[in-house]
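Please find the structures below.
Next come two complexes built around chain A: one with chain B, the other with chain C.
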Partner chain A sequence: MDDTAGPAWQRRLMVGLLLAPALLWLFALIVLPHVDLALLSFRERTAPREFVTSLAQYRTFFTEPLYWHIFVRTAVISAISTALTFLVAFPIAWTIAKLARGRAATLLFVVCLIPFWVSETVRTLGWMILLRESGVLPGILVHLGLADAPPELLYHDATILVGLVYTSLLFMVVPLVSSLESLDNSLIEAAYDLGASGPAILRRIVIPHALPGITAGCIVVFMLTLGNYLTPNLLGGTSSQWFTEQIYTQFITRFNWEQGAAFGFLLLGLSTTMVWFGLKLSGQRFSDVMRRT
Partner chain B sequence: MRFVLPLVLALATLSAPAARADDPKKLRIISWADYVPAEVIADFKKETGIQVEVTLSNNEEMISKLRATGGAGFDLAQPSQDRILGAQQEFRIYRPIDLSKVKIEQFMPDLLETVKKNASIDGKLYALPYVWGAEALVVNSKKAKIADYTDLCRPELKGKTAVRLKRPTLMAFALASGKDPFALYGNIKAYTALMEEVGRTLIACKPNFRFFYDNKDQLLNGVRSGEVVAAMMWDSGAWNLNRENPDIHFVNPKSGAIAWLDTYALPARGKNEAGAYAWINFTMRPAEAAKIAKAIGNFTASKGADALMDPRFKKQFADSFPDGFKNVKWYPAIPPGLEEIEGRVLDRIKAAN
Partner chain C sequence: MSAPATPDLEVRAAVKRFAEHTAVDALSFSVARGSFFSILGPSGCGKTTLLRMIAGFIQPDDGDILIGGNSMKGVGPNRRPVNMVFQQLALFPMMSVGENVAFGLARRGVARAERTRKADAMLERVGLAGAARKKVDELSGGQRQRVAIARSLVLEPTLLLLDEPLGALDLKLREHMKIELKQLQAAFGTTFVYITHDQSEALVLSDHVGVMNRGRFEQLGTPQQLYYEPATPFVAGFVGANNRIAGTALAVNGGRVTVRTADGWTLEARASSPVAGGAAVEAFVRPEVAMLARTAAELPAGQATHSGEVESLLFDGANSAVLLRESSTKFEFRIALPQTGQYADLKVGERIHFGFDPERATCFPAGDRHG
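Moving on to the complex of A and B:
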């Protein structure tokens, strides 16, 4: 009787043990801090070292237009940057998956990967050297006679977009390549044989097939962009505010952990909503998409 | 973080037995860039056998880091003298200084008095003076002429100036508007009104700022490359630039330079108190203090160290402050709560278009 229960019990223990490090990690470093932050975000300081439970932190967010402004701005720029990343990454992914063969495909992939061998800080500082008024690119523009005086290319919202797209390109290319590689070339050939035009094939065959990969890439890129701190901070101008910057400021320079925690949860809410919305819009299921990432 | 951080820290301690915190041969200092020169660390190790580990930081980060751990993780911190009272009342992150363990005769008496006035709670002293300097203006005299903070907003300097988006800038512009922000520290309502007025001035001035710098290299590079021709800057930064390019000058503004004084403070749960006192006494010896002053470019609180300083440096100082300290304002201790008011104003400046 016991000879069936024994192995099953052992198997469950085995699975439990194998999962234990991951679960412990998840619980101690992700779940617990979030619970603590949630509690923190519902506190209000009334006097030194005295706190009451209240919704004041969330109320501040909704009553102070400044925070709203930054929140919406972060969401909009992140969405634009995700779309741009997709537009840039798709041709690259197509080339790697369908056009390049063997060594050329590997080489292209490595070219995409190489920038990630150095840290994000170094990459961003590289952009600063290229774009600043006394930098490389403005110098070239003047040399070619395209500008009279070196233009300041740094410190604009467009600069932030360039930096963000560059930073997240790889995370879009990888899922796109894997979903395009599984597309059978004979489907495309058949479509041409039946007289379909290029755009029609793209719209009715390629994109529907790659949709899980596209959604996966967009979700990852959007999350990375939304949570990015360094790029908007270094490349942005005097008016550029990013929501993560605001969270950092509240925690570190204002000593206002309560407000920072509330902002953190609002950002979590925003990214969750946007991901849900994206899944609904593309008709994808979360589990299918996650398998592609 | 009340229960999570101790847990995380406990895990971290378990996983790194080599970095045991209660090692009497190790002294962990959280300080500013350049404040703890390698040469002095080596001297100290030779004499005492204690290895110094330095974490670079700034006022706000020091307070936040110590707050997160309840004052653990470091044996010595170096916040500015005005940032101790509020942080201590709010977060209890420091322990009082035991003056019997300090060679008090090594300190300059007037700086010690300033700290005693601003960093004492219930008769207990929470800091000792370390290094001081003044925040003022820097100008490239070939490209601009300025005499006061508000001159940074002159129309011909559009896109060519820089400030920090932090409280010293608010204080400077408040002083330049003819008001004394420090006198209003106790009057929240009047202080809020003054800060909002300063906020409006800075928003109107925004097209003039090329960037808000948050590290010194960003500003130094801006001035060196000529992209920035005038900026708010601390004295030693301006003197360094002057040595590289004689056109770049320190300017003591009409409404006054604002002096800061950074300190030694003992975190509440530091593990090596004896080592911290040994370090304080060691670094205030004139010979060591002179090495520190040379590395930072500012004067220390050590009595007698300025006699050992580089003459060029002394001349730069004398040229910058011809009337001594007559036109220098010292920061008084910040009462809790003011930073929230300033924070809102700073946020508005940053977000304004």
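Moving on to the complex of A and C:
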């Protein structure tokens, strides 16, 4: 025993005090509301101010095809968006980590960061200004003779995807850069020297090395996308059919908190399942991946 | 005798410049099949640039490199019959030992069963039988070294390049790996091109050594030639221990030069290249060439005798030496102690006589000693 550190109870108190703010935050802002929401989701209103415990809220979800449809659609678009974000972010991260030197690398990082100096609402409204029928981009298309009349570029799934990728990019770039930076250049040279082509080096050396970073980036981006409300709502309008909008509607428009709480838990279940599935697929351990984020 | 075989490596006036700095300066040499060739030089002499040009990571600005008789212009590292053992070995941590060795074979499209068989056979040849399933970080430094070499040799390259592969090892293992490398090279018969800044590695391992300085070879020869007949003051100073004595040529008599230092100490040496009377010169006397004696009479007759005080005793087993100050000029001079233990009782401050055969001391016109 190391007796210079004082008695065991003193050390335990010290650790406890240091952890107290984090534990308090965790308990008050995450555990408590979720317990409350869980309780809320398992009750049914039978008459004004009268409630019974039931699975009715969940049953509604499974019996109403609209909710199902939106749920699956949100998951699929989020997965596509995550994949697209990875494809866009990887070359950027590679440039920052391996090609750019000193100031150039910092500058590229700042360029990725700049959009985040503006609030998400303003950013998304900026996209609307660019894309709406009387906006900049349709105007240019008409001017170039590529369209007869200004096309409506908003309210398409592709528009939602563009917005989601744009919003998530930084969260993919950061873990990718850190995992690519730790890749020893001599490994790439050694593979090249042993006869590997560019794609073979990417597949056998770079991707396996960066896998924890890739998984971390994908998890964060997928969760952010799945839980995003503003971007699908503004860029997709009524046709966006995003699951967070359903939760919003239940809580705010319909005052059906019980249904909203159940939807919230279903979304939590979905993201947990997808993350678990992603980890299994990439053969990564959660703890390794979290160290990368 | 048969016609001379095509050398495995031929470098023709290769040049590489970085900004204003010329890393490799119109260098030409060739390496015969099956030999162990070392490039020895201080850091920054251009040896790494040269090796990377041979491997194909850098393109020469001028000149050409031929491997097995074929020009390597425009041929990428993955298409050259050359493999490299990296300084930090660069084993792939995401693969097992067996996968590391089979990596190059897989890139050539060798079928899995054949790949595994060849990798296992190669691991056995380097003394790592049964290690194929192990992870790279489960191996010791020496074992990793062998995996790095096995990974390259399994591809049966014309040329194996080694970039100071022993640099990261501790002294004991380095000594051991030196012997192992030489034995491996002899067993496989592959041409090795080895770069190092460690003159002992170059001397022990090589059939031929190129001593490189400022992008050029100062001398190219066998280890014995470099040691006993250095061609330039740089080689004399860089290869092996040497006492360097700068002075002027007081008299030149045939091949014999009388050198006088600024402080007035005079000694004789053999002119390794023509020396003009009165010119500035540099003489070199190896520590083991000089002989110690308690009285001047014990030294061979006909040789100049010198005397000095013992400044310090440098005990290092068989490499023990004594550091003297020449009596009149206080010039520092190092002499190897005979291994008979004859001077084991030498004391600091003691006055002692010494002399050497001038034929075994070398003298050069003083050039600028690059780096």
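Brief remarks on what is shown
In this section, the second predicted complex is superposed on the first by the 284 of 293 C-alpha atoms of A that agree within 3 Å, B and C clash if a C-alpha of one lies under 4 Å from a C-alpha of the other, contacts with A are read in each partner's own complex, and residues count from 1 in each chain.
Assume contacts are C-beta pairs under 8 Å (C-beta built on N, C-alpha and C of every residue); 3 or more make two chains touch, one makes a residue touch a chain.
Predicted model, so just to flag it, every value in this text is computed and none were measured.
Contact with neither chain B nor chain C is seen for A:A38 once the two complexes are overlaid on the shared chain. Legend: residue contacts after superposition of the two complexes on their common chain; A:L141 is shown touching neither chain B nor chain C. After superposition on the shared chain, chain A has more residues touched by B, the comparison being chain B against chain C.
In the superposed model, A:L29 lies in contact with chain B only, and not with chain C. In the superposition on chain A, A:L187 makes contact with chain C only, not with chain B. In the superposition on chain A, contact of A:A105 is made with neither chain B nor chain C.
By the document's definition of touching, of the two partners only chain C reaches A:I205; chain B does not. In the superposition on chain A, contact is made by A:S197 with chain C only, not with chain B. The contact surfaces that chain B and chain C form on chain A in the two complexes do not overlap at any residue. Of all residues in chain A, those touching chain C in their complex are 184, 186-187, 189-197, 200, 204-205, 208-209.
Contact residues of chain B toward chain A in the complex are 1-4, 7-8, 11, 60-61, 63-64, 67, 87, 89-92, 159, 166, 206, 209-212, 225-227, 336, 339-340, 343-344, 347-348, 350-353.
Residues of chain C that touch chain A in their complex: 55-57, 76-79, 82-84, 86-88, 90-95, 103-104, 107-108, 151-152, 155. Within the complex formed with chain B, the chain A residues making contact are 28-29, 32-33, 36, 40, 48-49, 64, 66, 69-70, 132-134, 152, 155, 237-239, 241, 246, 249, 251-257.
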